[in-house]
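So that we are looking at the same thing, I have put the structure below in C-alpha cells.
Letters A, B, C, D, E and F mark the chains in the order given here, with residues in each chain numbered from 1 onward.
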Amino acid sequence: MSATTPNGPRVDGRTAEQMREVRITRNWLDHAEGSALIEFGRTRVLCAASFTEGVPRWKKGSGSGWVTAEYAMLPRATSTRSSRESVKGKIGGRTHEISRLVGRSLRAVVDMEALGENTIQLDCDVLQADGGTRTAAITGAYVALADAITWGKRHAAVPAAREVLTDSVSAVSVGIVDGEALLDLEYREDVTAETDMNVVVTGSGSFVEVQGTAEGAPFDRDELNSLLDLAVGGCGELSEIQRAALEETR
Amino acid sequence: MSATTPNGPRVDGRTAEQMREVRITRNWLDHAEGSALIEFGRTRVLCAASFTEGVPRWKKGSGSGWVTAEYAMLPRATSTRSSRESVKGKIGGRTHEISRLVGRSLRAVVDMEALGENTIQLDCDVLQADGGTRTAAITGAYVALADAITWGKRHAAVPAAREVLTDSVSAVSVGIVDGEALLDLEYREDVTAETDMNVVVTGSGSFVEVQGTAEGAPFDRDELNSLLDLAVGGCGELSEIQRAALEETR
Amino acid sequence: MSATTPNGPRVDGRTAEQMREVRITRNWLDHAEGSALIEFGRTRVLCAASFTEGVPRWKKGSGSGWVTAEYAMLPRATSTRSSRESVKGKIGGRTHEISRLVGRSLRAVVDMEALGENTIQLDCDVLQADGGTRTAAITGAYVALADAITWGKRHAAVPAAREVLTDSVSAVSVGIVDGEALLDLEYREDVTAETDMNVVVTGSGSFVEVQGTAEGAPFDRDELNSLLDLAVGGCGELSEIQRAALEETR
Amino acid sequence: MSATTPNGPRVDGRTAEQMREVRITRNWLDHAEGSALIEFGRTRVLCAASFTEGVPRWKKGSGSGWVTAEYAMLPRATSTRSSRESVKGKIGGRTHEISRLVGRSLRAVVDMEALGENTIQLDCDVLQADGGTRTAAITGAYVALADAITWGKRHAAVPAAREVLTDSVSAVSVGIVDGEALLDLEYREDVTAETDMNVVVTGSGSFVEVQGTAEGAPFDRDELNSLLDLAVGGCGELSEIQRAALEETR
Amino acid sequence: MSATTPNGPRVDGRTAEQMREVRITRNWLDHAEGSALIEFGRTRVLCAASFTEGVPRWKKGSGSGWVTAEYAMLPRATSTRSSRESVKGKIGGRTHEISRLVGRSLRAVVDMEALGENTIQLDCDVLQADGGTRTAAITGAYVALADAITWGKRHAAVPAAREVLTDSVSAVSVGIVDGEALLDLEYREDVTAETDMNVVVTGSGSFVEVQGTAEGAPFDRDELNSLLDLAVGGCGELSEIQRAALEETR
Amino acid sequence: MSATTPNGPRVDGRTAEQMREVRITRNWLDHAEGSALIEFGRTRVLCAASFTEGVPRWKKGSGSGWVTAEYAMLPRATSTRSSRESVKGKIGGRTHEISRLVGRSLRAVVDMEALGENTIQLDCDVLQADGGTRTAAITGAYVALADAITWGKRHAAVPAAREVLTDSVSAVSVGIVDGEALLDLEYREDVTAETDMNVVVTGSGSFVEVQGTAEGAPFDRDELNSLLDLAVGGCGELSEIQRAALEETR
C-alpha cells in the first residue's frame, strides 16, 4: 500500500508524485497456476497465469519457452457499458495493442531457455476501470507469472535449478495535466491530460517500454524527463509491493 | 448462507438436498447501476446491470421496456484455459444458449410496461467456474436487476409508483448421480451426472424454465419428479438469500 | 399420418391432444447415406445423414463414434424473409441452441462403441416453418440416422452384429394456450402460448430432454404434468410413424 | 419435360443436343410471394421470391425498384458433404459469383421503373446438385419472380397497367467433353469437360450472359460457336417449359 | 506501347479498335520472385509472384504444382474511397470473382507436372483504377509468373529442362457503347456500356475465358462476334508487349 | 535526399547518424485529393488522402473536423509473402496499432476547428517493406494531408483564411544495435536491434510520440537519451524534405 492521507492538490487529494493505494491479492483464483487480483485505487484487474507444457508450433524443438498475454475489459468495467468484443466478432485496436504490450513487458524479464519448452499464457481481465488498467495489468501479471513459474518447478516441468525470471517488472502511467507532471493518473485525470505516458520498468530500474503520446500539445524534452523521473519512482514502489506480495506464504 | 457442516455422502461432504454455501456481495462494482458478485461454493459470477433510457428499435414507441442478458466466462475460469470468444471471433453455442436463458428468466418477473421505455442489460461474467454457473448467474442477476430498477426510480427514469418486479426469480441445478437425485451439482458431480436439470423458479414457487437433459440413460417420470422437488426446495433457499441481500442498506 | 377430420376447437380444427398430419418421405435425397423429408402439417424439414469413417480429433483412438447435428432454416421458410446466417457471417443463438438439442437427442439413443470410429453428421434444413421445426427435425433426423447406420453396416464400416441404436427417439412441442394444454403447436398457437415446452422421448417412453419455458406467466406443477402427459402421448404416435417409415422397403 | 428415351451416347443415354428432364413445381412454398422447385434431372433447386415494398437506401427516391438474388447449397446437396458457409462464417467465392450472376440475369428482363420502389429478393437453394445448379437457379427463379410480380400487382403495390417483365430468361450449361459439344451437362460430364460454358438467354433469343471457361485446353472460335448454338436451342426449350408452368392456374 | 496519337472519336480520342498505352515495368519489387507494374492508361496494377516449394494439402504427393491468385484494390484506387475489405472483415463478391478468374486464366497456360510440387501465388493489387483492372491484372500477372518460373529453375526447384509455360496469356475488355463495339474500355466508357465483355486469350489466339454481360439490353450474335474480333486483336497486341518485356535483360 | 556516399560501418555502409535516401513523389495518384509515394531506401509507402465533407456521427454538430488513418501492407511487400488480412477476415494487432499511431500523429498538427466539419482519411499502403514502414507512413501521410487541405480550401469546403496545420510532423525509427545507437534502421538492423524506438516529432522539434521497446536487454536512461538525440536530428532532415516536396509546383 502506498497512499495514505489524501490531502494533496489532485482530484482525489493526492500529491503529484503520489500513487493510488495499490493492493495485490495473490491466488484469487483456485484453478490457475498463478493469479492475482490487483487494484490501483478503483481500477481492478484479475490476472491469471496458465502454465502448459509445450510451445507454439513455430518454437517447437527450440528448447526455449514462450510467454504471451491477452488483455480484455468486462463490458461494465467502465462508467457506461461497452459492447463485448466477442459479440462484435472482433477485437478492437486498443485491446490488441495492450495485449501485445503486456506480453512484451513480461517476456523482457523471462529467460526463455530456462523456462524450457513450456508456455505461460497471461489473462488480464479488467473488472473495473479507473485509469491505468494496462499498467495495473502488467504489474499484477508479473506476480501471477512468478507463481506459475514456481508451479512449473514444483511440478518438475521446469528445471528447479535455473532462474527463469531475470528481474521483476512493473508499470505505471504518468502524464501532464494542467501543465504539471503527475504520477499514476486516475480516469478523470487521464481524459484531461495533455500528454500521457506509460512506462514499464524492471525491478533494477531499467526501461522495458516507454510510450508517450501528446494528446493535446506536443511535449518537449524537459517534460519528457520529468515524466520519466516520476515513472521510475512509481515503479520502484510497485516493485516493493510485488516483492512483499510474493513473500507472503501461499 | 446455506451449507454448514459438510459431512454428508457427496464429494464435498454435502447431503443430497444440501446446497453449497451461497454468498451475494451487492454493489461489488462502483459504476454499474446494480451489481452483485455471487458465489455458489467456488463458482463466482460477477453480475452487472446497466440501465439506459430508451429501447431497441423494434420496441420504440411501444411504451414498454426491455431486459436482456449476456453471459460469458473468463478464459481461466475453468481448470484448463479455454480460448477467448473475442479472439475466436465468434460466440459459441453454449454461451448463446445461456445468455438467452438468463434473459428469458429475468424478463419473466419484469412488468415491461411499468419499466417504461428503458433498457436494462445484464452482464454475467463467470470469474471462476465449479458447476452451476448459469443458475448462479440468474440468481445474482436478479439482485443486480432489482438495484438497477431502484436506481431508475431514484433518477426519475422509471415511475416510482409502479411495481416493476412482479416476483423474484432464482435458479438451481439438480441432477441424478449414481442413481441418486442431488441438489446444486458442483463440477465433479456435473460431469458424472446421468441427468442434469436446470430449474428456474419464482419467489412464489412457480416454474419459469425447466431444462432437463439425459446425459447418459434417459430418465423416467419418477426421477423427473424427484429432481423438481429438490429444485423447488433449493430455489426457496436462494429466494431467501436474495431477499436478505436486498434488505441490507446499500 | 395421425390427423384426420379437423373439427376440434383449435385454429386449424384439431382437438387439444391431436397432432397435425405427419408425413415422412424416406430417401428424398440421392446422395446422402440416409435422408428424410418430414412434414408436421405445413412444417417441412429436410434431414440428411452423412456417414464418414473416422472421428473428430478428440475422439481418435477411443474406439467409439460420434453423432452431431446442424439445424438451419432457409431464408424464406418463414412468412417474412430472414437474412441468411452465412451472409451475416455468424450463426444466431437460436440456431446454435437447436443444433445442440438435435445432436444431444440423437446421441441419447446411439451406442457409440457399437458405431465404432465413425461419424454421422445430421443436417436438418427447414424448408418451410409453421411451428415445431426443432421437434420435426429430431423426429426426421432419427429416420435418416437409422438409414445411415444401415448403410454403414452394408458397407462394412460398422460391424453388422452389433445393435447401434439402443432405442428410437422423437420429439413434440406442447404448450399452454388460453389456459389449455395443447399438443403439437402450429405457428399461430406458438406465438400466443403462455408456456411452450419441447419434449424428446424415446420409443420406450423415457425422457431425453424436457425444455419448458414460461413465455407469459410462470407455470405450476399441475400444468407441467398435463404438458408432459400430452407430449408422451404425441411421441408415442410419432414413434409408430417412424417405425412404419423404416419398415417400407427402400 | 424435354427428355424421353435415354438411348443416346452420353453417360445417361442422352444425345449431345438433348436436355435432361426438366420439371417446374410452381408454388412449392406456402409463404413466399412466388416460388418454384425446379429440377434438371437430379439437380433440384428451390427458388423463392420475396416481395417487399421499399428499396435499398441507395435507390430511395429513384422511383424504380430492385431485384437481387442469393444462391446457396445445402451441405448434403453434393455427393460428399460440404461445410455450411454459415458455420465457416463466410461465403465462398463460388457462392458469391453465382449469386451475382443470378441477380444480373433476372434484372436484365425487369423494367425497374415499372416495378416502382419495390424490392424482389430471390433465394435459390440447391437441395440436390448434379451439375447445372446455377442455370437451373436462373430458370426457376424467373418463374418465382413472375409470380411475385403478379402478387405485387394483385396487392396494388405495383401498378397493374405496366408490364414489369420485358422478356423471359433462362439458362443452360454447355461444354466440350471428349472433343464433343454437349448440352446441359450433368455432374459426371461437368468434371471431365475441357470447356464449360453457362449461357443465359432471353425468351426472344438474345444473350444476357455468356461465360465460357477452358478447364483443360483453350477453345477456338468454332468450338465457341457450336456451344452457343446448343445453348440457344436448350434455352428455347426451357423458355417453353417456363411458359407452360406459368400458364397453369395457380 | 500501343496508342500514339489520340485523335479518334472516343472520350480520350482513341479509335474503336485502339488500346490505351500499355506499359509493363518488370521487377518493380525487390523481394518477389517475379513482379510487374502494369499500366493500361491510368489503370495501374502491381503484380507480384511468390514462389514457394510445396503444394496445398490436397495436391500433396501428386507430383504436380499449383498456381493461384488474389486480386484486390487499394481503398483510394478509385475516384471515391471504398472501405478496406480487411476492415469490413470480409471479401466482396467482385473481389472473389476476379481472383478466381485471374487464377484460372494463368493455370490455363501452366503445365502443372512440369512445375513439379511447387506453388506460385500471384498477388494483383490495383494501385489506381480506370477500367480494365482485371484484364490488366491477368496480363501483368503472366509476366510476373514467367519470371517466378525462371527463378524456380535458376534455384533448381523446378527442372530446367521442361517447359512449364505452354503458351502466354493476356486479357482485354471490350464492350458496346452507344451501339458501337469498342476495345479496352476506360472507366467512363465502362459505366455507360450496354454490354461488357472480358476475354482472355492465349498467345496463339485461343480462348481461355469469355465473359460477356448485358448491362443494358441483351446482345445478339452479331454483336458478340464483333466484340470477340476486337478482343482477339487487342490480345494480340498485348501478347507482343509481354514478349518484349520478357526479352529485356533483367 | 539525405544519404550520399555509403561508406560508414553499417550493413549498407551508412554512418550511425545517417538516414537512408528519402524520396517523396507527390501526386502519385490521379484521383486522391492528396497523395505521395514515399521511399526510405527500399521501403516504399503509398500515402493517399481522401477529403470528404461531413464528419463521423459522434462529431456531428461540433463544428470541428476529423483526421483518421489506415495502414496496411501488401502481401508481398516483405521478403516472404504474408496472408492478406482481408482473406483472414480480421486485422492483426500490429496493423491496428500502427493505424492508430499514424492517425494520432497527424491529428497532433491539425487544428480541427479550422478544418471545419470535414474528414480527411489517410491510407498508407506499404508496397515494399525494408524497415521503418510506420515512420515512412507518417512522414509521407503528412505531405498527402497538406495537399488534401489545400484541395479543401481550393474547393471552398475549408475556409481559406484559417491555418489548418499548426506544424508539420515526421517520424523516424532509431535503435540500439550491437550496443550502438543508430538512426533509421533498415530491416536487417531492425531484427537484431536490442532496443527499437519510433519517434514522432513536429517541424518545430517537439515530441508527438515516443515509443521505445526493449527487444532484448532493457535500456537505461543514457541510451534513451542518445536515441532521442538521433531521432530529433533525423526528423529535422525529414522536415526539410517534406518542405521541399510541398514547395514544388504541382
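Convention: a residue touches a chain if its C-beta (ideal position, glycine included) is under 8 Å from a C-beta of that chain, and two chains touch if they have at least 3 such contacts.
According to UniProt, the chain labels map to these proteins: A, B, C, D, E, F = Ribonuclease PH.
Everything numeric in this text was worked out from a predicted model, so none of it was measured.
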Any chain in contact with chain D (Ribonuclease PH) as well as chain E (Ribonuclease PH): none
From the options C-D, A-B or B-C, the pair that copies D-E, where over half of the contact pairs coincide: B-C
Length of the line joining the C-alpha centres of chain E (Ribonuclease PH) and chain F (Ribonuclease PH), rounded to whole Å: 33
Inter-chain centre distance, chain C (Ribonuclease PH) versus chain E (Ribonuclease PH) - centres from mean C-alpha coordinates, in Å: 51
Mean-CA-position distance for chain E (Ribonuclease PH) and chain B (Ribonuclease PH) (Å): 60
Interface hub residues of chain A (Ribonuclease PH), defined as touching at least two other chains: 89-91
Touch-based graph of the chains, sorted into line, ring, star, complete or other: ring
For the chain C (Ribonuclease PH) and chain D (Ribonuclease PH) complex, residues of the former touching the latter: 29-32, 35, 42, 46, 48, 50, 52, 70, 72, 74-81, 84-91, 95, 121, 123, 125, 127-128, 130
Residues on chain F (Ribonuclease PH) engaged by chain A (Ribonuclease PH) in the complex (per definition of touch): 90-94, 96-97, 99-100, 104, 108, 167, 197, 202, 205-214, 217-221, 224, 228
